[in-house]
């Protein structure tokens, strides 16, 4: 990773990928308002650094769902890694393990969860779940995740239907035998593409009853991903979720959805410490992570930069991206006068 | 309609139309501040989607002036459709009927209201009225609209004089025998163009007295179009209007007029449910419709995208545009956790 | 004047003028922040038009310092018209007279006030005064203005020193025998240009004592031009000024000065009707005039568009510009539901 | 200095310097958000000038830490002047002396403090200190500064680690024997460049204890540079600092740090006159200085424009830049109605 920043990294990855694979990763829904604003919202926040604190030793160590981790950076679930590297999610798993980051493997993985687990046996990993309408399939996934030592189930709730992306529609994916759902071999894998006649039919229902069922059925902690409102977060916690991921699915489904940085403060207020809170969407700098933690998140998740690292260097590229982000976090903490994550308080951030 | 979005559709239509016809449809008054801001104001609003609701079945069905309609999307009145397609308003009427959308036929139609009515006999349609100074002509129009089974009279009140468009002036319309007022054969049809010496003389007076006269004279419900203030809306309702259309005439007359999305909340507060409220201006996405309904509108009207569909595909193009918008509405509702229009509340929207 | 708007007019004038003459008229101080913002501040304001009022007859008639005028548009003082047209201020005077607009002739006129007065004997005109350090010269100017039937003395107070314009410095004026101060033949006429070593020495002192002296000495009403604060406006009125012109000298001296549209409301509050209030800076549309009057001004002054008209058509060009602006005002009033200037209230304007 | 403004000056200097030297001076950290916003924040503030005051004589004289100075403009510490001119800090010192400006010589000077002192013996100068981890080295620097008649010690507290600059990384510095730390001959001089693997290790610790030690150890007044929060400023004053410099290190370390113009009001409130307050970052115009003083600063510091002057003209270039800025200050004061620095009050500034 000899790129100065993730924008340069994306340019390099784009040059190597097929137009369809690049667009699949890069595009957002409709006019890409939320895609752009996720990034802009972090950048618009201003830091109010403290000085004259002792920052001789910076400790980025985080505690996530009871586990001690090297840093508060996780790999967000993102489908079909074989589009980007022949080793697919195996490479990502190894890279994340090397960086000490939780890898959230998606239902739509092109490598089975068992193969991923065997790749990095002791590394922290969670399983992201799109709840299939068929409850039997759901139970199959849940039980296998537990058996494969995944540490939590991440239920995605912001994709009842697919969004529509004009950009992705202009660069369609070429079908390939490799690009199939390895966790649910019999299931079709959706084309994320523009459908003028889309009728709004639901692909993955996830109602409050489903969440309650999942909590009762799963031996693993349940994390809910895709919440943008305080009242919904409270409902999830009351239904048994142990953590919430503030997310708008990277701007891929509902264009115009509030940026995650803008939704975070309301969420933190509503949760009031009753569950853990993480955030994804637009995190590109160590300073973004400091801002996220200052606004109430305990950790962040990153997807697209990891994909660019994967495309360019496989496992090593993934590790390099995550290490780079962690180094930026350490630097940002030192420059803010915060030696530990616990030193990052709300007073560090001001609106521009 | 194989275009990814309405911007691409407009580009295609522009390539097919004469410069004058394109500019007649596309241009706004003066510096086009309001034209641009109508669109931007919707895009600036942020959605706060709800999750974990049951959205397995999305119902876009709307009740408008007591009629049950397939969706809350109407075709706004827009003059001279024969500029865009040889079948003119007949094509638009058939397309709207196929999509289940109310077609608001303008006074300045290039097809007579009787011919339009015979084209789609049972489809919902309203008649837009520029009140002619000659009351006899006005009565002629009102009575014919009722006889031709139009469902309401839409009185336009925001065009006492014409606006001025530098863009349209640079691409004047070529006179053509087809482009004439079919509803008022003896009347001249105005050139929407720049007049440096324009003296501000009123073309279509519409005072409160005129509205009261129209309400008393018309057997049909009266809708007032072109209101941007709460106090004016209340005056209209007190004068007997059954509904108000928040509109600035698509930015075509008073440049700098407040964007309709920005005017809507004040209007909804002032009306307080005593009449129905619709809005037009800048609606280009299903998410825009969700925002409009969240801010208090019961339905939206769309003009320019319909014109592009008409130019490119006649009745079928019109239907495709409206169906596309309805599909986007259904998707946006699902992604917002709203299964019915009644589920769309003010809490769904936040200012950026 | 067959241009669609004043931007196009400026382009045409620029093509005809020498670079130095164009830059002299067009440039603003330093980074031209205030120059741009004067225009932007009017455009950012939104109109909240009223409907259903009787606007069959629009009356733009204004009462300014007791005189009945055709409209509330005046020609702002601007120096050296012979740079733009061989007839100089004579042409401007005739054009303004034809349009019924007050012409404010500057001290730095290239035609003497007596020659201007003989050009349009009965037309309304005021004399702008830079108070010369030599009181004898000042008395000479004041008395001659009264003798030549000027209606008021406009004391400019915002030019104690010259501003600096990098743009004008890049296009210096070519000296010419025609370009000299016709009112003060013995006095040098300043080069408005960049002076790195400028020491801040005062060219035209104007203290409160000077204003009091002028009020007591002049038979004519005294208007103060160049005030941007409520407290200063009150001081001027207490010293005897009959009217205040909210102005930042067209952004030519203090870059970063508040835009006149932004200063106007505070000024109107402070004056509270004890004097008349006018405004200049960035007025380019009839809607700008409606906004200015809604915010508390009784009239507006315009300079640069008049200069472009002068450059392109002499007296006729000046008249065309002013008539065009008046026609736009009439149209804007009709579209706002205001039949007379008195109908233009604060409720017509909203911040964006 | 025949350039119209500092942007043009920078362009000229860039043409003369090596890409590495230019980037070293011009670049900011990461995405250069703070670099750009430092400048923009001053430009966004609006001036509310006073009129009719007596500004016949403008006096820019300032009192800084008890010394009477010609103006409130100081040369900010900036390292390695031999990158820009063969005479290095000697030239800068002479230029600053000629302009009557305090020169703040940095620890990382390429000329020793003793040589600088002999260059302009009676000119006002301060010594900027990066506190070396080795206290003996620190005492050596402090004592030498006092012996060389420096007037104050400026402790920089906002650089516990280096920032990272993609722009500077793309144009690395060429090593040269001239570019070495003349004040600490045995010490390495850091490359300000991008380090992906940077671990956040602290280079110059500066805790509150260090500040207290410095205050007790130094015979000279201690100024703290790099504070952006009111609470930190109070801590510094309580620890014995005589003055605070509001600074974010020119946007070179923590990108996203609040602009100094935005931090200044809070700082002034917190300090409440108990210490002097200066500000640097983005000062490019005389009007910026007026704004800084209106918001509570007693003086400003300038770095990059001085570097461009140094690169283009050595001592004479430095003097020209500082004189130019002082002339702009005098002009801005006259145009604001402020004859002395004490006349510049908070009422002169408004937010846009």
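Chains here go by letter, A, B, C and D, matching the order in which they are written, and residues are numbered from 1 within each.
By definition in this document, a contact is a pair of C-beta atoms (placed from the backbone, for glycine too) under 8 Å apart; a residue touches a chain by one contact, two chains touch by 3 or more.
These figures come from a predicted structure and were not determined experimentally.
Colleague: Can you name the chains that touch subunit B as well as subunit D?
Modeller: Shared contacts of subunit B and subunit D: A, C.
Colleague: Examine where the copies subunit A and subunit D touch and state whether the two sides share over half of their residue numbers (same) or under half (different).
Modeller: different
Colleague: Calculate how many whole Å lie between the centre of subunit A and the centre of subunit C, each centre taken as the average of the chain's C-alpha atoms.
Modeller: Computed from C-alpha means, the inter-chain centre distance equals 59 Å.
Colleague: Averaging over Cα atoms per chain, report the distance between subunit C and subunit D in Å.
Modeller: Each chain reduced to its C-alpha mean, subunit C and subunit D end up 42 Å apart.
Colleague: Please set out, as single numbers or ranges, the residues of subunit D touching at least two other chains.
Modeller: none
Colleague: Every pair of chains that touch: which are they?
Modeller: Touching chain pairs, listed by label, come out as A-B, A-D, B-C, C-D.
Colleague: In their complex, what parts of subunit A are in touch with subunit B?
Modeller: So the residues of subunit A touching subunit B come out as 30-31, 33, 37, 157-158, 160-161, 163-164, 166, 169-170, 194-200, 202, 205-208, 210-211, 226-229, 232, 235-236, 248, 253-259, 262-263.
Colleague: Under the definition above, what is the set of subunit C residues touching subunit B in their complex?
Modeller: 1-2, 4-5, 8, 43, 45-56, 58, 285, 287, 291, 320, 323-324, 327-328, 330-337, 350, 352
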